[in-house]
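My structure is below; once you've seen it, I'll send some questions.
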Amino acid sequence: MRHHLILRVVTKLLVGAIILFALYVQFHGDFSPGGGFQAGVIMAVAFIIYGVVFSLRQAQRVFPPWLVHKLLALGVLIYAFTGLVSMALGYEYLNYGAFTPHHPEHGQHWGILIVELGVGVTVTGVMVAIYYAFAARPPTISDKDW
Amino acid sequence: MAAFTLEFIVGHVNYWLFTVLMMTGLYIVVAKGNLVKKIVGLNVFQTSVFMLYISMGKVTGGTAPIFPTDMQIDPDTVYSNPLPHVLILTAIVVGVATTSLGLALIVRIQEQFGTIEEDELLEIEKAMAAEDTRLHGEAMGGLA
Amino acid sequence: MLVMTALAIVRTRRLFATAMLSGVFSLLSAQLFVVLDAVDVAFTEAAVGAGISTVLMLGTLALTGRVEKRSTHSPFLPLLVVGMTGAVLIYGTLDMPNFGAADAPAQTHVSPDYLERSPHEIGVPNVVTAVLASYRGFDTLGETAVVFTAGIGVLFLISALRRRRETGDSGNDRKGA
């Protein structure tokens, strides 16, 4: 898409806004609609749109595949370890009241934030990894045939 | 069985519409030979199941299950059922992940066999099976 | 509108249009979710259905082909099967409570409990998030694991295998092609 000047400029403007919006959805998910799943998808969309409009190579320079693959696993580990920590503190698995025993509401709040972060990281990783996997294959249809 | 009053029909027409959508998806899966189209059909089917769930959670006069930020909850406010929302929320994301797995399989099939039409794939399968049988027979020295 | 879009997906043979129509279908269903008070779900459906899965469909089409072959089978048997299934399902809905009824079984089991307890137990305004991450944390852990597994599966299917074939392990698995 080398020749689409307008698309490229608009994308440059939008990518930042999309990432910001993803972070908002991620960390504001307990007050308004949103959460890890949506934030992960929106974050991935930012990288995907960058990859589509510029090129896969440039997107991979910003967000290299090895990092994506690490993030994929990291999110699930964050989630699972939150559960283990609450267990180590003498509560049930994934009972976030464990973090602040004198005021369980705050613990719940923190727990939800951390767990949602884990979900968001995994979903971002998976979606971007899937996009990279598809886009890295040589297409059988040339651009003109569309 | 309940009588078909007007109230009954209005209260159930949403389920019927979702059933129609669901069957459209099923028809695509069953009748179309192209594998990509089958995946789209599965998606339509899946989305209509989601709608069925969400519509079960709706309470007349209710609002979205989000409290005011100051947590001063008006006891008269009716909230819709949050449970189906949770289930479907995760199901959508899992759905797209599995859809992409299906699409990846299709890409592999295309690379291996050069087609994603079901009929042609079945032909190729049959030819391969026949070839296997022949090779097996030769290896057994005509005894098999 | 939704039904019309779905029927258009059935009719068209150009897969490009099919992919686009499935995006349209997702957006329309997201609107329906907003009407049904499920804002979180609508949000997800709009981002996932209209965004990611359309991109993935197009990516697949670029790798395979964009015209569907005309089907040689008669559509009567599938129509019969689908019609029978639909009839059975509609018969099943006859026993269901009216749309929006507050005394439906789905509304009276655990959900009021969540709505009542979450303000002082969790203290998070969005009940959907509270149920998702806290009351049903195990579920969500499982779902995350499923998403993770699907991602790994895609990576194995279309990134890792290519490396193996490049190293000369093409073998005899191409003999049917």
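Letters A, B and C mark the chains in the order given here, with residues in each chain numbered from 1 onward.
The definition used in the following text is that a residue touches a chain if its C-beta (ideal position, glycine included) is under 8 Å from a C-beta of that chain, and two chains touch if they have at least 3 such contacts.
As the structure is a prediction and not an experimental result, all values here were calculated from the model.
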Quiz item: Classify the inter-chain contact topology: is it line, ring, star, complete, or other?
Solution: complete
Quiz item: From chain B, which chain is the farthest off, judged by mean CA positions?
Solution: A
Quiz prompt | Chain nearest the overall C-alpha centroid of the shown protein atoms | solution = C
Exercise. Calculate how many whole Å lie between the centre of chain A and the centre of chain B, each centre taken as the average of the chain's C-alpha atoms.
Key: 24
Quiz item: So how far apart, in whole Å, are chain A and chain C when each is placed at the average of its C-alpha atoms?
Solution: 19
Exercise. Quick one: report the Å distance separating chain B from chain C, using the average Cα coordinate of each chain.
Key: 6
Self-check item: Interface hub residues of chain C, defined as touching at least two other chains
Solution: 39-40, 44, 48, 52, 56, 59-61, 63-65, 123, 125-126, 128, 132, 140, 147, 150-151, 154, 157-158
Self-check item: Numbers and ranges of chain A residues touching at least 2 other chains
Solution: 31-33, 35, 37, 41, 123, 126-127, 130, 133-134, 137, 140
Self-check item: Multi-partner residues of chain B (each touching 2 or more other chains)
Solution: 64, 66, 69, 89-90, 92-93, 96-97, 100, 103-104, 107, 110
Quiz item: Contact residues on chain A for chain C in the complex?
Solution: 25, 29-38, 41-42, 44-45, 48, 52, 69, 72-73, 75-76, 79-80, 83, 93-94, 96, 104-106, 108-109, 111-112, 115-116, 118-119, 122-123, 125-127, 129-137, 139-141, 145-146
Self-check item: Interface residues, chain C side, partner chain A - complex
Solution: 16, 39-40, 42-44, 47-48, 51-52, 55-56, 59-66, 120-126, 128-130, 132-134, 137-138, 140-141, 144-145, 147-148, 150-152, 154-155, 157-159, 162
Quiz item: Any idea which chain B residues touch chain A in the complex?
Solution: 64, 66, 69, 89-90, 92-93, 96-97, 100, 103-104, 107, 110
Exercise. Going by the contact rule at the top, pick out the chain A residues touching chain B in the complex.
Key: 31-33, 35, 37, 40-41, 123, 126-127, 130, 133-134, 137, 140
Quiz item: Okay, in this complex, where on chain C does chain B touch?
Solution: 2-3, 6-7, 9-10, 15, 18-19, 22, 25-26, 29, 32-33, 36-41, 44-45, 48-49, 52-53, 56-57, 59-61, 63-65, 68-69, 71-73, 75, 78-79, 81-83, 85-86, 89-90, 93-102, 104, 106-107, 110-111, 114-115, 119, 123, 125-128, 131-132, 136, 139-140, 143, 146-147, 150-151, 153-154, 157-158, 161, 173-177
